[in-house]
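Just passing along the structure, written as structure tokens.
The letters A, B and C name the chains in turn, as written, and every chain counts its residues from 1.
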Amino acid sequence: MKGPDASGMRLLERLRRALRRDPSLFFMPALLIASLAITLAIHPQFSDFDLQSLAMGALPLAFAAAAQTVVVISGGLDLSIGSAMAVANVLAARTMEKASFEQSLPLAVAVLIAGAAIGALNGLIVVLSRIPDVVATLTSGFIWGGVALIILEKPGGGAPPDFLNLGTGTLFTPWMPNALVLLVVAVGAIWIPLRRSKLALQLYAVGSDRVAAFRSGVNIGRTRFAAYVFSGLFSAVGGLGLTMTTGIGAPLAGVYYTLSGLAAVVVGGVSLAGGRGGMLGPVMAAFVLTLIPTDLIFLNIDPNFGQVILGTLIVVIVMIGGFVDMGRNRK
Amino acid sequence: MSDSALLLEVRDVAKRFDSVVALKAASLKVRPGEVHGLMGANGAGKSTLVKIITGVFPADSGQISVKGVARSFRSPAEARRAGIVSVYQDPALVPDLTIAQNMRLAGASLDAVRKWLAELGVAGLDFNLLVRDLPGPALRLIDLARALAWEPAVLLLDEITASLPADLSEQIYAMVKQWRERGNAVIFISHRMAEVSALCDRATVLRDGVTAGVTERAHGSEERIVALMLGAETARAVASVPSTRAPRQRSSDAQAALEVRRLGRSPLVNEVSFKLYSGEVLGVAALEGQGQDELFDCIAGSRRYDEGAIFAHGKELRLRHPADAIAAGIVLVPANRLLALLQQRPILENIALPAFGGIRNWGPIRIRAERTRVESAIERLQIDTRAGSELSRLSGGNQQKVVVARWLASGFDTLLCFDPTRGIDIGTKRQIYALVREIAAAGSAVLLFTSELAEIALACDRAIVLFGGRVVAEMPVSEADEAALLRAAHGLAPLGQASS
Amino acid sequence: MTGRAKTGFTSSIAAVTGGGLASLLRTRTIVALALLLLGLVAGIQLARPGTVNALWISNMVLFAAPLGIVAAGQTLIMLTGGIDLSVASVATASAYLMATHSGLGVAPAIVYGLGAGFVVGLINGTGIALLRVQPLVMTLGTGLMTEGILVVYSQKKMADAPRVPQFIETIGAGKFLGGVPNDLIVWLPIAILLIFVLRRTGYGRLLYAIGDNSEACSLAGIRVWRVLLVNYVTCGLLAAAAGLIIVGGTNSAELRLAEVYLLPSVAAAIIGGTSIFGGRGGYSGTIIGALILTVLNSILTLLDVPESIRQILYGAIILLLAAAYTRLTG
């Protein structure tokens, strides 16, 4: 119920509303800038090389977070993301080892399709078997882990240098890492069209209120299935990113990304209850989480503290969330 | 009128949920260009019928035809494409999306919705607001405008005016009339007799899942509608319960077993006060959503209250958990058995459950003592355990008895009974009411809400009536016949002579 | 079904003859699982005659015991409708803490180990029972936390290397009376106690009741959070105890010692018929589940099946059983 506001006011109003809807829009950039500032403060000689390794380190994690975000928004959970990434990682490293750059690109597309297929199978299991998503994806993750081991038993394989350069090189200036460009392009190319489509509305609707969504004519099963397909797709991109940044395929690299990806989602302000949050928060959270061990190294502290901080961060955030909800319910 | 000229015809639709029969044989004929009232007491099956017509869930048997063609819809979207749209009791809008997004989600044209909202007297609503942030009445109107934007041939309105202020209700009446003028049909469900008689052309009355009758003229047929809603069956039930009651003498200074003083929980319970004495059954009569659910939850300790106080035998209670109420001797038998029972566990474990409340009782169970206690409760309630020891195999009535048996086995002082006979066959109903009388006769106090008003006279000594979260009437059972209760529960002043 | 007319015996006969394995699984879970276990053992004996002997059986029990104990805690949690993903980290932490404190003597070292389980269990319980955090996310976080702390700690402790005391080694790897594995001395009392607790105590009743319908428990005057808190602490202690046996078996406290037990602990409970939704199941099924997994592992080792196929088979079996139980119990 609005009168003829000045356009500046309207912009402010829209911004205010967007922030209220998704506080992480403000909170996450602030957190990212703060952690960058801290990094600069403790390590003033922060170089273009440091930026590159930050971007390379965050790349797979950001995709793992993106994969989880889609499913969590739809009110589900996917614990097979790390294994799906591992499959994509070893598939790429195995098939591209002796390929030329020109050959590697169609192979990359094939890996993406394989990732989407893994997601589709996960989706089918969850929707059709009625096993709770947690158990279903925890177990299917085990299976995908086995598949990754079949493809490549030990760390190895490789990819053409030009392909690796997509993740390790820089664009125009040394301060513009390809990993960052790749991340922005890939997430943007998948998420922005999705966000504008009706499917995104359906994902949010199913996560927010299944009954209302059903009554609004949303096909619940199909929507949840789609969420897992996108999760598989993002996982595959993450797996490719892993190949690019590490140069090899490692069948066991996956496990780490399931958990830390979920951590990035939680830190990034996506409600685990579903229906709320966006893609920007988790992706930025991936950078913050990557900065933590980096800063610890700069501070001469055991970087393994990073995992302690990660675990503590998850626990503290969900406990605060529970505490807030409890206060709300008491009323 | 020939059947092919009907817009919508429902014939002998039946539906059961596990052991609860929601609809037995519901029939409904809706003509073009009419506003058709759908009436019935609580639990008569109106909402279930609406959901079956619009494909929320399928019917077990029976037939639905639209314009003479047999149809069965698998989803509301499918029903919508056939021109049947419902505005449900709880708005079908997704809270985490904006209005505009909700409209897009459901495939409704924004311009059309905006136009209808304007007609409903809401112009210039910002469609970028989150549904979560909007007040209830606004959601109702948006839901209605969205339904209208699909231009349905049959529009179902389920209690749409229940939570609306009077001026908005007027807007909706005007809209309903306009819709009729266009040759469409509106199925109008309401508890407010006045608006039904003013608005509806005809009315179908459901009772216990069966179409009890159709009035060709809604206006001026209020008494007939009430009569149809009452039915002969409850009258028979009244006659068949042995009258064990003697007029009760109570000294005025006796301490109440339960006293509720100016209890408030916004927005649904307002300054509710009453006293309940040992050996007495106090009936609570109310239509749906008048605060009775919240009132019972507050007394049972499962919901916090904002204002007022609750006393048991003169001692103020601090209720933070149902365990606190139970410790004070106040126990609840909720309407929804699924809420109270462990469906996968045996009957015995269901009955023995409250015994393990304290940490003291976490240790070894004295199996024989437990069995004796449980079996005596089962016997007293005549629970039919032939079906085996699994709870889920019991009928609805027997399941309800298990909840009561649980408290008989553990002992209590005040029994809160919330609609204990919903969806239960007449024989079991009779047993449950005889039991309620017996419990009171043994010296306990009983607070009984029942959605079947006739049962108040059957089981209670006194009755209070809730309307809009307030106690609007209190009457001795001699005056609490169904007609009087129905009037009070509809917010009407009592007639000069409250007997029919 | 006429109910009373059919006794347990006739109905299980009817299940075998009429509905086959599916309905047998529903009516007599333990019998069906025991048959499955015997079938596996018979399969081994047929494939490699002479494999099944007293030594093999004693080894199976020896290997199954730590899994059986981790799965005991997991069963307790799953009965209430939860899941504990921190058990593997807890077991590892317990083993490591015990080994690095072995200089203090065996008993204090064990206390250190179990202490790790108690603390993590308490944190899990606080978050899940009091603040109503999803068990999965909570235990995921505490698992990560525990693992991280352990890594940091291990690097601080570089100087005095972890040493597994003789006593722990004897428990974890030794046998007595010519073949009875020592870890059975730990497992058997735990098993008997747990079966008794689940069947015959108020606490056991509450676990099933909460898993079935925690709202109903609350309405019946039960303070659900107390039960859950105690339950998560118990699970932590059991995982810690299992960690001690595991490290006794391997005789070296490594940082990823018990990781391989996480999924099997869930799998043993699921195979044993404990519902992933809570409210159904029991520890006797889990024991057989642990034995089945151990025998299965032994078969796969005998047949020289690579790790990858093993994982896939494992996962597929759990998924199939979970789907079957979900269908059967609705």
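We adopt the following convention: a contact is a pair of C-beta atoms (placed from the backbone, for glycine too) under 8 Å apart; a residue touches a chain by one contact, two chains touch by 3 or more.
Keep in mind that this is a model prediction, so the values were computed, not measured.
Taken chain by chain, the contacts link every pair, so each chain touches all the others. Among the pairs A-B and B-C, the greater number of C-beta contacts is found at B-C. Subunit A and subunit C have Cα centroids separated by 32 Å.
Our note on geometry: subunit B versus subunit C, Cα centroid distance of 46 Å, whole angstroms.
Against subunit C, the residues of subunit A that register as touching in their complex are 77, 125, 129-132, 134-136, 138-143, 145-150, 153, 259, 262-263, 266, 272, 302, 304-315, 318-319, 321-323, 325-326.
Every residue of subunit A that touches subunit B in the complex is listed here, in rising order: 1-2, 14, 17, 21, 198, 201-202, 204-205, 207-209, 211-219, 275-276, 330-331. Residues of subunit C that touch subunit A in their complex: 83, 123, 126-127, 130-134, 136-138, 140-149, 151-152, 155, 263, 266, 270, 276-277, 306-316, 318-319, 322-323, 326-327. Against subunit C, the residues of subunit B that register as touching in their complex are 300, 302, 321-323, 325-327, 332, 334, 338-345, 349, 352-357, 359, 361-365, 367, 386-388, 393, 406. The touching residues of subunit C, counted against subunit B in their complex, run 1, 3-4, 196, 200-203, 205-206, 208-209, 212-213, 215-223, 226, 275, 279-280, 329.
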